[in-house]
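Structures are listed in the sections that come next.
Two complexes, one shared chain (chain A), two partners (chain B, chain C).
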Partner chain A sequence: MDINMGNGGIGEPVVRRDAMAKALGLAQYAADFPHENTAYAALTLSKVARGRISRLDTAAAEAVAGVRLVLTHRSLNESLGDETFVMKGGHMQSSFLPLSSDEIHYAGQIVSLTIADTQEAAEEAARLVAIDYTTEPASASIDDAGLTEEPADSGIDVGDAEAAFAAAEVKVDATYLTPAQHHNPIELYAAAAAWRDGKLLINLPSQWVMGTRAGLAKVFGIPVEDVQVESPYVGGAFGAKASILPHVVLVAMAARRLGRPVKLVVPREAGFTVGSFRPAARSRVRLAATREGKLTAVMHDEVGQSAVIDHVAFPGMEATSKMYASPNIRMRSATVATDVNTPGFMRAPAEAPSFFGFESAMDELAVSLGIDPVELRIMNEPARDPVSGLPWSSRSLVECYRRGAALFGWSARNAKPGSMVAADGTLIGYGCATATYPSAMAPSSARVRLAADGSCVVYCAAHDVGTGAYTVLGQVAADVLGVPDELVTVEMGHSRHPSGPVSGGSITTGSAGSAVHMAARAVRERLFATVAGGQDRTKMTLADRHVVLPDGSRRAISDIIGGLPGGVIEEQADWKPTDMDDKTMRQGLAGGMAFAGPVGETHVSFSFGAQFAEVRIDPLLRTIRVARMVGVFACGRIINPRTARSNLMGGMIWGASSALLEQSQVDRARGRFANTDLASYHFAANADIGEVVVEMLDEHDSVVNAIGAKAVGEVGIVGVPAAIANAVYHATGVRVRKTPILMEDLL
Partner chain B sequence: MSGNDTMGNAAIGPRMRVTLTVNGTDHDIQLDPRTTLLDALREHLGLTGTKVGCNHGTCGACTVHVDGRRQLSCLMLAAAAAGSAITTIEGLAGADGAPHPMQAAFVAHDALQCGYCTPGQIMSAVACVAEGHAGSDDEIREYMSGNLCRCAAYPNIVAAVREVAGSTMAEAA
Partner chain C sequence: MRPFLYSRAMTLEQAMSEAAQSHAAIMAGGTTLVDLMRGDLAGAEHVIDIGHLPGLAKVELDGPVLRFGALARMADVAELPFLKQNYPALVESLQLAASQQIRNAATLGGNLLQRTRCVYFRDGVSDCNKRVPGSGCAALDGEDREMALFGTSDRCVATYPGDWGTALAAFDTSVEISSASGTKTVKFADFHVAYGDDPARESILQPGEIVTAILVQATPAGRHSTYVKVRDRQSYAYAVTSAAVALELDGDRVTAARVSVGGVASKPWRAPAAEAALVGKVLNEAVALDAGKAAFADARPLRHNGFKIDLGARTVARAAMVAKGKH
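Presenting the complex of A and B:
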């Protein structure tokens, strides 16, 4: 067991600060907080995909013993503030709030919320809400006839890609399909709302407590100070828990109306339509190269599923356009509006689907050229961003490939498809693919308190959604202040703390970590100033709970701070990315969306990884197993290699799950998701996963932010689906251009 | 807080009396006969370490032990658990309050991320070893596959179970 070594500062594999509370069952998630006299809520969902409610009868539901309220579009009957959709600058998951009218926009839309004294009574009554609908035809699939593609943006153009493609010696032109997928965190969506003296306290699993507070204040027309959002632990999020889902508003409304706390745990099947999902996408990739393997044209046209009620697009071309050196690049993105709940962010929302196609196409090009796929990528490594011409803040992709190939044993690969066969006849395939993810950042505040006993507390309204942020942010403070890890505590996940950013886009460590770093340095400066007495503060250091002065003498922190009024030094810092203006920073700190990067004024910042997979395929049944995976990543400075490794490993398993198992199947006749439970929406279980090797390169990035940390959370998933598809091709000679790759695709 | 019901419905639903023996303590409670063991633990006894993940028996987050066997508490009515010895994650620690070796192994191997499936994983893991189903990594993977982990800490979970199983076998030898 490699339990904590060293002082617990940056780079140490500190044990997850919250691990024991979680292992003991003591960590409190949203539905675990007790509220006296809680009433329980249950949902009724629309059975049709499009139309209107023609008849609504709640009498039977209201007659159930213990029922207190049946909230429908008729009884809602109150106006709400004009809070908007998260992608229009607001905080709502959708611009459409269920119960705001009799309109049905998608199957599984909330049509009533029933509240009772017990969970059992609420569920019984919710089933008795009688509704008839007038229906209209609906499309929940981008493959339905009669749908039109709308351009999502103006695209990216470098050189003349069409002409270069037409003139090329070797080319690939293929289309790849990825299905809708749902996040399915094990913690269900939930909300518990309690009002006291006109103030709202809400427990919900949140990746964005500051945004949720700002949004709910606007919805209910009350000052932001009168809303508190509590979310100390989040049972998995993956992008699903960043914006305000409709049930949260309805639960808070019901609690206000009843004058007692109301709690709703959204059932698994309802989560498929109460929350968001990863939209289906179609990628056409065209690559052209010289016979020697130099890319001459890179083209990527992506069509993504959007919703009639909200236009959303997650084009991956910002990333795919930057992967390889090519004088000619052409990228286009379009969307198709469908009658579904609004799609949203899901782990690497833009990158994961687009890289399946893009990195599969690179493999197809390698096959056409007869060049090793690792070498093809290395020979097209761009010295600068091929779109903006700016330098990288750091880019170690080639080193990732070299190290990954060695770890994986890539040199043992016989390039001929179907040529590697185990003694029992099992077909063996090796595949590789590139992963990348932008290192964006958002403004953040943080407060650090150092007490005379050497204990240190970090406060920040950021979140640990399982990523290790509780541990990592404490390490940043410990590193600056020379405090041993056991004396550090970190308080997060509550809107009363100094503003933290949305925990999305892999920004927490770089953003909140930079704010903690700034606040801790301010604490250290005050410590030094207190003892300076004319000595040079820049030559002072902190070690072992002492200030070491330039003359070599030592002063105990306990003596310095003990003599101060209050017995603590406490400093708050407001940090912003270098390129961001003050107005944008203030918007961000007030709970608005405010991002900088990955393309800055002077540099472009992405994390990179090289991913390898070995598949084993039964020669007759064509069952596919992922025997092992290797991922080598360059994500700048790794604050905690233990938590970062787990995060990247989990991402890679998501990739394998996406490649072979995950799809939200659409019942096209009824315009709805068909497999809305975990018995039929499959994702990886323990037995699906073999060996997973993760390494992180020691990469120094002095540009990206003060602590040199790039994005870790999402890059892990990005290349794996293509690496597996490429391995499947290598094992069988069958190129599958869609996920999930199923045994019937190989027959 | 005063009730401000919009409905004149003051009656409460059906009730029954059940005695549940949880972590060695008897609890005499009144509940709706439809109450699951999961909801009884969480909503009536305040033992929220047992988690709800699907209510369908598909995810394993609600795993507890009933008379020493793993049980999905969402699929058992509380009334059916009366008279049985129920152990939850809160009852695993030793009499001295020290964490169970499996809890310590999950921490040491970083066998959790968000932590939500963790109580169910640990209850299953303890049973997996006791059942004699932790003889190899493949066997551990198979017998731990009723507990889904969306963060996908699976390789670390296998390492934690392997360590505890190894020391258990060493003790038995």
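Presenting the complex of A and C:
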């Protein structure tokens, strides 16, 4: 690998490029962009979960002063292109577009969009849209009676797990429940659309500007070039802002009808049903082992919540099947269709729910065996992927456990439940669990421009969803070109830039980073070629804004580039993962979903982590507090330890929040989410989170991609809920097999 | 949002006369009212801002009475050294409520009149007798973990969510109410009303009446008092259960006790049975837990909130032991 360690280059804890803009309130989010003569929109949502609109009266709404348009299924009356659901190769969050008919498929479905000269008038009109419904019974919970489980895929089979389980000496068979959860990014969903000369410019918080552009072009039947999507800053996304949400289409539609820019900010409670959510899930885990602790069978049956309007499944078996060495593996997944808005991706969509059950079961097995849970995992470390038989691109889970146990002070743990008690009677529990996340890749383009003054600009239609991508992609270029970080600018989050991948699946650094690396190297090659004059280019290096020639002489970049026509060197590169064919790459670069990995032709690539938690439980009131957490991760090359640590830490905090607080309560009588505001949808406050220690191992992965970077964004959340549940068991002897774990579970 | 008229009252008299009109609403700190208006739950067409009226924010000891001006801010009151030392339960109930930012704006008077957090009341959609009288009560067959055990009716089972009100219920408290027809004082126990047929009515306050002060009879029990709040989240959450306990002690023996419980009732709820279980006893953990159990002997659980009977008893027990340890 030919990456120099430069000033602000790869591996350095460069401070976020966008930090000051955000701290000073200068960063412009989607709803902040001023479009002249903007009209404002407000939503009316369905009060019932299933049925039809039987009466619709918009007269009062239309009579509100300043109202310009009331868009309903009646007034929309226009079919919109043939763009499909994201899971079927399209870009829409759902295959059902509200206002396309009088049907109601879920509570909180958009039933009208009112547009007015002021926000207040739009909201007042939205309140006055009068609707009656005919209703039918609805189910929003997978536990409702009369629902059936449909197999979601053919599953995974290695050996004969049923037989091995039946014959085993020690076994665990338990079922674990995880609730629906909503992303609730602090930046609300929003869209501002403006049409000019038949061309659409849309501002929205997006994890996928290229996909949104391709999708909207299809919806409106216009060439892709006539759509621009702008999303320079995103105030939290977590998977919710990748595919096109229904309000985006409706806002663009309204703007076209009115011939005037239209803006909508989706209120918090509406976000619960206008956006997607993490579906509820049920995991039955069966593990069997010899008395010595060698796994002989691993079985995982997952049931996930799906929607009547769209079939979606997020089984975790691709990851759980790869965790431990077992000659017999059997994985199945099924879904239950419910009357809800289409569930979607939410941070570690498959892994977070499934690992709660899977890693809790490993702890239960450790208890049954009387073996330390850390040692049990180490004993069952697989040398290769137990399913495909392929080698890992890198796997340092055992090292993570050893280092994590030392950092945490695991050896101080007395294995007996309830045995560790503080002086004031507080019960102390230690728990651990494994985290993993696939390192997939997507094709990406990038352009890098180097000017005579040494300044460098990186262009890529990738996104910084708060994760640090602005900083990290710049570092990759700075590293290759030997320019100091202050001279690097990164432009992202706009569809006019060279194509970038969806910011999902923890792929941005590895994929867009590889494209930036390739483009920067092309710039460097031209620089070297310009000065070569017969000297060996492979022996040239770049340092401190100079080219160092093989003979040791130095040529200033400013001189070299200054002498070129245009005064800059600019190169664009199209990067694709090694195993990907050109056709798939082109689809990806055109805004399609094109992933490679984590199982390639020659290797399997995952990030890993070992996570530890200490809980403290009030002996009387049974309140559970997370006093401290330790996570040690192996994610390949860490481009920026500051932003990577922050990501992993954020994931762990979310994991704690998920273990103890977060759930979208379902009102089963009415088939709707009940706690649709932040007063009742609880996530962790500062006071809930004690010390969080994050370490990243120095792991070298020369296979995974050009820069050796594996997935960082999502792995942090994965093991924490189980680590906390395992710690709760250790503190109290009570095994809670559902999240969130509440005080009443321990009374 | 419904259009509304905003006016800033220049005098108390002006506020009282404007507030007597229909669809008028008093605004003090606005932290509850604006929220309710955003959700179309307040029915306010005329907002009368009294937040800046002079003279109503004082906290003083007036002979044997602690007088809290209705416009005193939660954050300011929580910092008063005299109160911290002599009435920790009152201070703690303020400190453990909401967030610092909200406490900076919120007033003691407005606090008493905050409305339930019942999600069906707040969602603006579900059947709710409190929001739309006669429409029904979605909580009865819906999510009821957060709902009340006391003071409910078959029309409404929501809790009164306030911490300050719960703590006040453990003291000899009354509320001073002013209107065009003069000033009156009502016992705090009679200020809020338990739900009967009309759960939309939560207090005896009539249009045109303004709370001008909260009066607490000075008591030595204040020193041995505490407010314990149990919640899912460690900060910035309403009580699942809470308890205020104030004690007079002779050594370890309880000579007088006041107990109130929160998160479990339709209004600030005093627990005389717990008080009786404490008085005359040498206070230890077993006695404290017995008192807690006594407090919940008459509880009426719903489908998913029965755990609050046990948790509530433990909360009272913890508060009693903490109160004993204060000096």
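The rule is short, and it goes like this: the second predicted complex is superposed on the first by the 741 of 747 C-alpha atoms of A that agree within 3 Å, B and C clash if a C-alpha of one lies under 4 Å from a C-alpha of the other, contacts with A are read in each partner's own complex, and residues count from 1 in each chain.
What we mean here is this: contacts are C-beta pairs under 8 Å (C-beta built on N, C-alpha and C of every residue); 3 or more make two chains touch, one makes a residue touch a chain.
Here the structure is a predicted model, which is why all the values come from computation and not from measurement.
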item: Combined model on chain A where chain B meets chain C, clash or fit; value: fit
item: Which superposed partner A:Ala684 touches (first chain B, second chain C, both, neither); value: both
item: Contacts of A:Ala23 with chain B and chain C, given as first, second, both or neither; value: first
item: Which of chain B and chain C A:Glu120 touches, first, second, both or neither; value: both
item: Comparison of chain B and chain C by chain A residues contacted; value: B
item: Which of chain B and chain C A:Ala440 touches, first, second, both or neither; value: neither
item: Which of chain B and chain C A:Thr623 touches, first, second, both or neither; value: second
item: Partner chain in contact with A:Arg670 - chain B first, chain C second, else both or neither; value: second
item: Touching partner for A:Asp32 - first (chain B), second (chain C), both, neither; value: first
item: A:Met743 touches, of chain B and chain C: first, second, both or neither?; value: second
item: Shortest CA-CA distance in Å separating chain B from chain C in the superposed model; value: 5
item: Touching both chain C and chain B, counted on chain A across the two superposed complexes; value: 120, 124, 677, 679, 684-688
item: Chain B partner contacts - residues on chain A that touch it in the complex; value: 1, 3, 15-16, 18-29, 31-32, 34, 36-37, 62-70, 75, 116-121, 124, 183-188, 233-238, 257-261, 265, 267-268, 465-468, 642-643, 645-647, 649-650, 653-654, 657, 677-679, 683-689, 691-692
item: Of all residues in chain B, those that touch chain A in their complex; value: 1-7, 9, 11-14, 32, 34-35, 39, 42-43, 46, 48-56, 58-59, 61, 88-90, 93, 99, 103-104, 106-110, 112-119, 122, 138, 140-142, 144-145, 147-158
item: Interface residues, chain A side, partner chain C - complex; value: 45, 47, 120, 123-124, 127, 269, 620-623, 625, 660-661, 665-670, 674-677, 679-680, 682, 684-688, 740, 742-744, 747
item: Chain A-facing residues of chain C, complex; value: 1-3, 40, 117, 119-120, 122-123, 125-126, 138, 141-143, 146, 230, 232-238, 240, 307, 310-311, 314-315, 317-318
